[in-house]
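Both complexes below contain subunit A, partnered by subunit B and then by subunit C.
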Partner chain A sequence: MNTADISENEVFCEKVISELNKVISDPHASVQSFEIISVPFKQNKSPVRLVDHHLGIESWCLKYVYQHAHKYIINQRKLNRYPLTIVKYLNCAILINPDVATFWNVRRQLVEKVQLSLTQEFQFSHLVLSKKPKSSEAFFYRRWLYSFQSGEAIDWAVEISLCERCAERKNSNYHAWNHRQWVLQKAPNLLSYEIIKTEKFIRKNIADYSAYHHRHFVLTKLFDLQYFDIHDTNLNELYQFINCGQPDDKKINNVDDLALYLLPNVSVPSSPRQSINTVKLNSFYYFLNLIVHDLRMINTLTELHGKYEAFSCYRRIITKSAVDICRLTNSSNYMMTEQFIKNTSTKVAHDGIAQSVIVDILIKQLDMSDEHNVKFAELFL
Partner chain B sequence: MENGQTESDPKDLLFEKHVNYVTNHGNDKNDFEYTMTEFLRMSGIYWGTTCLDIMGELDKLDKLSIIGFIKKCQCIKSGGISACEEHDPHLLYTLSAIQILCTYNALDEIDVASVGKYVQSLQQPDGSFFGDKWGEIDTRFSFCAVAILALTNQMDLIDVDKAVEFVLSCGNVDGGFGSKPNAESHAGLIYCCVGFLSITHNLHRLETEKLAWWLCERQLKSGGLNGRPEKLPDVCYSWWVLSSLTIMGRSHWISGEKLKEFILSCQDTETGGFSDRPGNLPDIFHTLFGIGALSLLGYPNLKKINPTFCMPEEIVEKLYKVQIMDS
Partner chain C sequence: MVKLYAISIFFKASEEAKVLKSHYDLQSFSFFQRGSVQEFIQFASKTITERTSPCTRQSVKQDVYMCHVYVRSDNLAAVLIADHEYPGRVAHTLLTKIMDDFSAKVSSDQWSNGTEQSISFTQLPAYLTKYQDPREADPLTKMQNDLDETKIILRNTIEQVLIRGEKLDDLVSQSEELSAQSKAFYKTAKKTNSCCNFS
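On to the complex of A and B.
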């Protein structure tokens, strides 16, 4: 390129960068997404396009525009200064290449100096995620931004929705699911809503194992938190699972029999009813009912779609957790009230006194003609 | 054949082509691609030098200019090293820089003590490590931290016990490890955690059988390995899974022969270099991990690679004794 070309190129890049910035910062444009439009050769019009709140840039100009923005930012860093005009170059460079941590860090410094607003930054990182839904830098930046806000002021459900959209757009989106766990840590009150949300997601994205992993996390976390739904004490799935193939006179249909069946060690006469921690008991039932529900869901999905690795992995892992939790609840003072534990010097039950039948049934529903299941049972159960 | 493999795929290592591919990589410094990948330049150089060293061709690269580049990337204030000049220091690139310097036997070219202080400053009360001062936590950073300190003989700067506790807290019921507590098991992060335990001599704290089984399940019909259930095979997981299994003394639990076939089918017969899967464009990252995995599989005419550090065994031997389990 000769000198005239260079300056022409610079004028062009400045124009594109300013145009991008104008659209991004215009509240009326309220840009929702950013895309790179595949156009290999220069057209006789601006490469920046805005259609119905969707922003796009034509691919042919990326190399010029990115190099220009990059050069500007690096030069400012050499001079060790960050004029506010750097923001438009950062916007452009990060939208094209969201992986550059250093560019995000410049934004962080501007936020710390209150030269960039949190609202603006949430919007910008949102825009980046519309282009690259698995951008770890964008998720990390959002976590950092939230550290400036007080917990009560945040609508965490919105953040969950963002994770959901990113997960839908990119299979097995590790960073989106991790971010979702982080949100749930901040807002554990949202955990119970995840039961319905993740089931819906799984039914729509059957081979996305990250979603199954997340659901497993949610279920076990709810059990740890001793959660159950006061308004939904329906344990039909659990009864059905236990009674399957049993003669009528052996069928269980009330909570007392269920306790005897699931917790033979705990329900011995020496432990009167009032000695049992009912919150833990209800949460145990609730958990087990969900596990059984999921086992049935996997059966249905297999009938519909055939065999998938995600199905067998999930079946194995929830079986493992259910077996572990059945053993835990049945074999120690876990179910007892604190009062009761204080007043009795010996444990009510010991491991192995009466193995809960449910453990056997859970293990048996694994298809042992599959050598993977055999090996799994040997190692894990 | 699945995953784009064909009968005409190469069955042997295209040695000369790979040497040329790595040597000429990044020669065009005005290239758009070169600017786009600047943020991981230091790791790129580590992938290139290690790859050539394993092939016995390290002298193809200009040692002095590489060392000069690293010196310019050390941050005077923090002691950390960045991917490139004018970028911010990070544990990821600090480790890459240290690995390159070890390969060139040139650790004394930089201020190693301040690198140690940098690593020390990033450890958190729960034993985890920030990747840089902005506070992201990941088991990758735990690996980087102990790898840097082991290679520079400064392990006493951190609380190793706490660091081990944190890494173990990232284990899952399936036997695997993720980037944080409760994060999904992932073969790349398993490598970081197993490598971490190999460096800190804590492999006995692993549930070896469960983890090795999970890793074996990663081998697909094509012989290639994936990093998580339902994912496609990828040459870089050949390294991460196989090196983890090797550290645990269980590399014979997968079919090395089939894996070798898959890796060789990912070579670019025109330009040299390896891609993630057959038929895709090659890059330097997958080229190192393809060559590295072949070295672990005992492929002829490649130097022996250390499974923990992903560096030639002859170099690691002189610097640090890693723990490896018997097979």
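On to the complex of A and C.
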């Protein structure tokens, strides 16, 4: 390559980078997505395309453009200079290759110097995720950006739907689900909505382990927070599960019997009713009802789709959680009110703890002809 | 993903299969890929229909996609392109249902000379939306008990459907329906080992 070629190349790269930048920063273009269009050979027109708010760049020019942008950023960084013009090179380089932490860090410095606005940066990282839904750097960056905003001003539901879209586009998208958990930690009030959302997602993405893991996280988290729905105290799933295969005279159909059945150690006559923490009790019912609901969901999914590894894994893990929680609620003073614990100097006697029948039923519904289940039961149940 | 991408209805004449009606749902593909994807779905549906004999059902796997095809004894054929997680039994139930509805609405004398424009049959978009959830097909499956799953021929690649001596690469490069852009897309998609590239 002679010098004329080199400079021609640079002019071309500068042109593409500027054009890309112009489109991204144009509020009227309101670009929704970015992608690389596979065109292997050089075309005699601009490689940047914008159609219906979708932005694309043709693949043949990437080699030159990326190299050029990369070189510029690294050179400036060496000099420890961050002129505002660096932004267009950053935009281009990150969109083409979102995995370079250095580029993102330069952006962070610019944000700290208030040379880039938060709104702009949220939009930009959103665009990056449209190109690479698994970009961990983009998710990290968004978390960092949120640290500059006050809690009340943030609409976390928007962030949840972003995670949802990213998870839909790439299965087992660890970074998206991880980000979603972070959001839920910030906004626990959204947890209850996750019950319906994740079920819908799972029915659509039956083999996505990450989604099952997330649902398990949501269920146990709700129990930890002692959540229950005041408006939905329907426990039909739970009654159905317990009564399945029982003769009519042994069927359980009211809450008092249910308490006696599920909590044989707690609801003994010696502990008066008012000593039981009703919030904990209700959240326990609510949790167990959800678990049973999920067990049934796994059954219907298996009927429809046949056997999937994800189904049996999820069944195992929710069975374990249910068993653990049944044991927890039956032992020690978990279900008792603070008042009650204070007043009784000795713990309620638990000699000869009656194993709750529900634990047996839960373990029994695991298919023991599957050796994985046998092994699992031996180790954990 | 449990997903349906396309339904098309063909008439299988002695030489080639002619498309009578088709509909696509390609929202899950990135914007600039949709055109090529649609061309490939058309191409694959047609190729497979032409290589399926009457009274036969086939399910052909290609990457994560499944091509379900059923050619009836009267040479009417329907193809469903779905994700491999979409239950095959449901897909074939739908194929039967779609062709029943189609032949009830469009008389058979229109089939041999019909085109997508001339034939009025507008249900495909509704089907494609409704049956994205395979549970919607439950009542159908109960009605069509006669579907014998063991009769569905399963193939692991499109190559296996081709007649001896045919090569997929050749068919793609010779095809008149695929644009140059789509052919380039096919080549790069084949080469790409997704870990070390920019797209």
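Operating definition for what follows: the second predicted complex is superposed on the first by the 378 of 381 C-alpha atoms of A that agree within 3 Å, B and C clash if a C-alpha of one lies under 4 Å from a C-alpha of the other, contacts with A are read in each partner's own complex, and residues count from 1 in each chain.
In this section, a contact is a pair of C-beta atoms (placed from the backbone, for glycine too) under 8 Å apart; a residue touches a chain by one contact, two chains touch by 3 or more.
All values reported here derive from a predicted model rather than from experimental measurement.
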item	value
Per-residue touch tally on subunit A - higher for subunit B or for subunit C	B
First (subunit B), second (subunit C), both or neither touched by A:N21	neither
First (subunit B), second (subunit C), both or neither touched by A:A207	both
Touching partner for A:N178 - first (subunit B), second (subunit C), both, neither	first
Subunit B versus subunit C as contact partner of A:G306, first or second or both or neither	second
First (subunit B), second (subunit C), both or neither touched by A:S331	neither
Contacts of A:D52 with subunit B and subunit C, given as first, second, both or neither	second
Partner chain in contact with A:S135 - subunit B first, subunit C second, else both or neither	neither
First, second, both or neither for A:N282, with subunit B first and subunit C second	neither
Touching partner for A:I36 - first (subunit B), second (subunit C), both, neither	second
Shared contact residues on subunit A - subunit B and subunit C	62, 66, 97, 207
Complex contact set, residues of subunit C against subunit A	1-3, 28, 30-33, 85, 87, 90, 133-135, 181, 184-185, 187-189, 198-199
Touching residues (chain side subunit A, partner subunit B) in the complex	62-63, 66-67, 70, 74, 77-78, 97, 99-102, 105, 108, 140, 143-144, 172, 174, 177-178, 181, 207-210, 213-214, 217, 308-310, 313, 317, 320-321, 324, 372, 375-376, 379-380
Contacting residues of subunit A [partner subunit C, same complex]	33, 35-40, 49, 51-52, 54, 56, 59, 62, 66, 96-97, 168-169, 171, 203-207, 304-306
Parts of subunit B lying in touch with subunit A, wherever the complex brings them together	32, 35-36, 38-40, 82, 86-88, 90, 132, 134-136, 173-175, 178-180, 182-186, 209-210, 213, 217, 228-231
